[in-house]
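One chain, chain A, links the two complexes that follow: it is found with chain B in the first and with chain C in the second.
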Partner chain A sequence: MSVLVQMSGGPDGPMSTTRKVRSALGPWARENRRELEKRHPAVFAGSPTNRAITVAVVLGLFGLLVFALWRLDFSFARIGAGIGQLAHFLTLMVPPSSGTWARFWLFLHSLGETVAISLLGTFTAAVLAFPFGFLAAKNVMTQRVLHFFTRRGLDTIRGVDTLIWALIWINVVGLGPFAGILAIMSSDFGSFGKLFSEAVEAVDGKPVEGVASTGGSQLARIRFGILPQVLPVFAGQVLYYFESNTRSATIIGIVGAGGIGMYLTEAIRTLEWQQVSLLVLMILVTVAVIDQISSRIRFAVIGERRIET
Partner chain B sequence: MLTIERLTRRFGDFVAVDSVDLEIPTGQMVGVIGRSGAGKSTLLRMIDRLVEPSEGRIVYESREITALKGASLRHWRRDCAMVFQQFALVDRLDVLTNVMMGRLDHMPEWRSLLKLWTADDKAIALSALELFDIANLAANRAGSLSGGQQQRVAIARALVQEPRVILADEPIASLDPRNTKVVMDALLRVNRDFGITVLTNLHSIDLAKRYCDRLIGMKAGKIVFDGAPRGLTDAVVTDLYGLEAADVIEIPAAGDPTPDEIRAAWDAERAREPV
Partner chain C sequence: MIRDPPVPTGGSFHVLPFPSRLRPIFGDPMPTSLPRLPDDRLAPLLGSYAEAMRTARLKTLAAAAILAVVVIVAGRFAEVDLARMIGRIGTVGDYVVRIFTFDGGDNVGRFVLTAPGEWMWGLVHWGKLIFETLLIAYAGTAMGAVAAFVLCFMAARNLGRHPWLRATVKRFLEFCRTVPELVFALIFVIAFGLGAMPGVLAIAIHTTGALGKMFSEVVENIDMKPVEGATAAGGSWWQTVRFAAVPQVLSNFASYTLLRFEINVRGASVMGFVGAGGIGQDLIEAIRKFYYADVSAILVLIIATVMVIDLLTERLRHRLIGREART
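Up next is the complex of A and B:
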């Protein structure tokens, strides 16, 4: 099989050479498949086994899910029955209302407190975790023992949940927002240490080599080779945690560590559903606003980078 | 036949490509030359619709390329392959999978997303790799290959698209001289053996003259030369490249200083002791 191609020259007139060329690649390859299979058996044979393994793993995981649902008494019937109850609560929730204006201002004040707890807690944690992110990264910390203890230390701190930290700090500094800030700071310190170190471990080694080649010290390599690469990732993580902590700070409030959570539990306990819906709406709006601001900041750090379509 | 009419692209106030008219018959090997910033890359990327034209149209065999959208745009990109200066391979995937990217628009999407390549598709990919002597690297990660090997993988990927046109944007700018020859030979082979139209940007006038049937010279977004390589005189090169002309082509003149004289003059000017 072959194709005729009309050749022509420059603008000074066609050279009018009609050349015979080999056929397109596709038909030729299909004709010669047997020989190609003989020459590269691994490429053709390798995949069925891999595919079988993939299918087996997916089926295994699905089986595990079914088993877990059965073992944990998962029941659609109970969900169905509960849905009715949920709908009833929803009707009790409209319209959202605080009852009195005085209480509304109280809610607003405590919401501000929640945002403040989350902001201070998150950013203190980020500042404290910053050096540990590098100490816990394998490509920066070549000293094995120190690396091991940094990582396990971060694991331990992270292993204790924010809520437990809140209960601990309440006993130390008493009730109020200060305990909330310390609780968020403690647990996020562990999380940031881990996330930062993983971002550092994923950096491209070439710029670091470039800085090293000029005689730059270890600190200079981190400052100029690694930091510019990881800063956008760090910023994204910190801003997400700020937003997420604003949500979880409501839970901290439940145990008495300050913020809007206290009013939320109180409203639920006294069945004031209109107040509950107002509080939830206020939290939703706050989180949406934080998300808007943080995405602006994130793009400012990353710089406008678009993927062309 | 690829026809370009009054094609223009502006970036803010800057006109990268300025009302270009061009006709390229099927099967030609065309080199686009000119200094950096002359609009060569933008022209090529507009043909593949990676950059949207501001004005003008592109027509390929009665297909209006500038009006394509969605699936028909993807079909055009399949028919018009692109080879990049920095290879544009997925480093973390193996060579075979990278070449299979060229088959994406030939198979149903569910099949490609599950990586269920047919034996025929594998045969096509391997025959392309064999053509450029890199079939033994099929299982290697693309990122672990040398520059010359990666560019050959990229050309194999372009070839398995079974395209009508291949656009190559400075395909050899990041390669050493030996690999430059290997890659240019590969492009020529694609053109001669399969009758695929090749349109390539080149920095080196020498290579452009040696490999191409036809040269197009661009300056400030406009075409200022279009003809056979023998028509490209030193005067035209000087016009195209201005003061940089001496860098892209050897024009030895009788009065030119020797390297020794240049160094001596340099040192004398700064009254510097030789170190």
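Up next is the complex of A and C:
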């Protein structure tokens, strides 16, 4: 701040507006650079090295991208041909249509199924993950070994994609939406466990201390010291996941775990583009509506706050 | 540091009774004395407290009732059959045992770890596929992040200059992140042909949508003083963004991108389900053809990879956030 003030009122007088300044520093600052460097070491410190590191990192990342594209057989000819195809598909997509009304009702029913899968999956995952949120939190679970294994266990569950869970559950309960619910429940159980435990670790320690100082047991400390602080955060995260799960629930039908995904896959594979566009539109509208509802409730519960996913 | 509580004038002192029925749950109370208000002032306070508690309780009950109704209706819709679930719950254990048991060869019926070499017979092949999966995730994340970086400043409320441009960009980003990446992959496989390319493009598009939203939220939260300064000094829109906004948001952007990379590794692991490259192709084949030991081997490899990536990105993110906190 002081640099700017002195530049405009410095010995050179006001800066001329017509002359092009090559350096980022004004003429007065350039003359007195050494003194400025001494006064504001943080601004000048190590700038050449920092710049070199930045350039190296950017070049490295770019090189890796080029390598990846080469390794994965990217070719501009294929991209060009593919984009032509896509444009052709797009023209075939209008107007969106289901063909018959009976089919439209089928679509609507499976859309309802999708929302139900998402809701039940999120809900059961939240209920199951609730105790683990505390078990995996460092400030509650002081037993280091148990804490470590709970965390790693949750990470393992989280590492498996919803679709893989769906395939596994289909082997257990058979094809259908129930497998979808269990799949969403499984993968979200891991995510919720992690998010909940992070929320518990981030609580203000003072209420807990307060409860402890009045002679509260460990259970009382959790119930009256931690729970009131984390419950709104939990609720916000669950609502956020409900919305994002509606999106994932639309695809688990690809492997036969219920919902609208089955019809979408079928329509894409049989090149029924009008049905594809209708189904995509239906998904977009549903997700937008659920987004609205869940963010309303979220703001009512926790106020306008960003949620780390 | 323990100080005596200030003594209020005009009130009397005695020990608050601690309900003995709570003793087994909350432990013994420490002997302590608290100031007590005279009864005539205490009564209205207690009354309003009870009133507040009652409304809070009613609200909770109402919310629970609504939730219960919604859950039951949803259960009907999704054909939840608890009886079947309970009847077949044993199958979960069976399946887990089965995938960790050899189903053929010399070691039929033995636990896979007794012959790790045979269990991981395809390690070189699977390793290559996992490497390919990582590359798909990386290329998709990188391309998506660049696109999101370009678009986010136009979508941000505080920097987007043209309302119609902002609305268009926002709708576009919404579209990109709402349509699941597998749907894009399915369509791209038909348009571009089988292989990793449709997978990369699908992930890139989804990443553009997801990161574009997060990036623009970061931009909306920046300190506007540097922006005003740059505008006041006659900077163009590009210069304002470059010198006033970008330095503030870069570390956050990097952190979000790393998080997305981790998510995309998981997403890329199932791209093969629809023929869009990576390890997914082998996994779905093993599951569908009941090669049980292969299922567990591939799953273990995927989980290990995701965990390593998770740890690495988390460490990097903490360093980034730490650096930001210091400056």
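Quick note on the criterion: the second predicted complex is superposed on the first by the 218 of 309 C-alpha atoms of A that agree within 3 Å, B and C clash if a C-alpha of one lies under 4 Å from a C-alpha of the other, contacts with A are read in each partner's own complex, and residues count from 1 in each chain.
We take it that a contact is a pair of C-beta atoms (placed from the backbone, for glycine too) under 8 Å apart; a residue touches a chain by one contact, two chains touch by 3 or more.
Bear in mind the structure is a predicted one, so any value in this text is a computation, not a measurement.
S.K.: Who does A:Phe178 touch here: chain B (first), chain C (second), both, or neither?
M.R.: The answer is second: A:Phe178 touches chain C but not chain B.
S.K.: If we overlay the two complexes on their shared chain A, which of chain B and chain C does A:Leu36 touch? Say first, second, both or neither.
M.R.: So A:Leu36 only meets chain B here.
S.K.: Going by the contact rule set out at the top, does A:Trp28 touch chain B (first), chain C (second), both, or neither?
M.R.: After superposing on A, A:Trp28 lies in contact with chain B but is clear of chain C.
S.K.: Quick one: classify A:Leu284 as touching chain B (first), chain C (second), both or neither.
M.R.: Touch status of A:Leu284: second partner only.
S.K.: Which partner, chain B or chain C, is in contact with more residues of chain A?
M.R.: C
S.K.: Could you say whether A:Ala220 touches chain B, chain C, both of them, or neither, answering first, second, both or neither?
M.R.: Second partner only, chain C.
S.K.: Using the touch definition from the top, say if A:Thr265 reaches chain B (first), chain C (second), both or neither.
M.R.: Touch status of A:Thr265: second partner only.
S.K.: Just which bits of chain A does chain B share with chain C as contact spots?
M.R.: none
S.K.: What residues on chain C touch chain A, complex-wise?
M.R.: Against chain A, the touching part of chain C is residues 25-30, 32, 67, 70-71, 73-75, 77-81, 84-85, 88, 91-92, 95, 132, 135-136, 138-139, 142-143, 174-175, 178-180, 182-183, 186-188, 190-193, 195-198, 200, 217, 259, 266-267, 269-270, 273-274, 277, 283-284, 287, 299, 302-303, 306-307, 310.
S.K.: Would you pull the chain A residues touching chain B in the complex into a rising list?
M.R.: Residues 3, 5-12, 14, 19, 21-26, 28-30, 32-33, 36-37, 39-40, 42-44, 47, 51, 308.
S.K.: Mind pulling up the chain B residues that touch chain A in the complex?
M.R.: 25-28, 50-51, 96, 116-117, 119-120, 122-124, 126-128, 130, 135, 138-139, 159-160, 162, 192-195, 213-214, 226-228, 231
S.K.: What residues on chain A touch chain C, complex-wise?
M.R.: The touching residues are 61, 64-65, 67-69, 71-74, 78-79, 81-83, 85-86, 89, 112-113, 115-117, 119-120, 123, 152, 155-156, 158-161, 163-164, 167-168, 171-174, 176-178, 180-181, 213-217, 219-220, 247-248, 250-251, 254-255, 258, 264-265, 268-269, 271, 276, 280, 283-284, 287-288, 306, 309.
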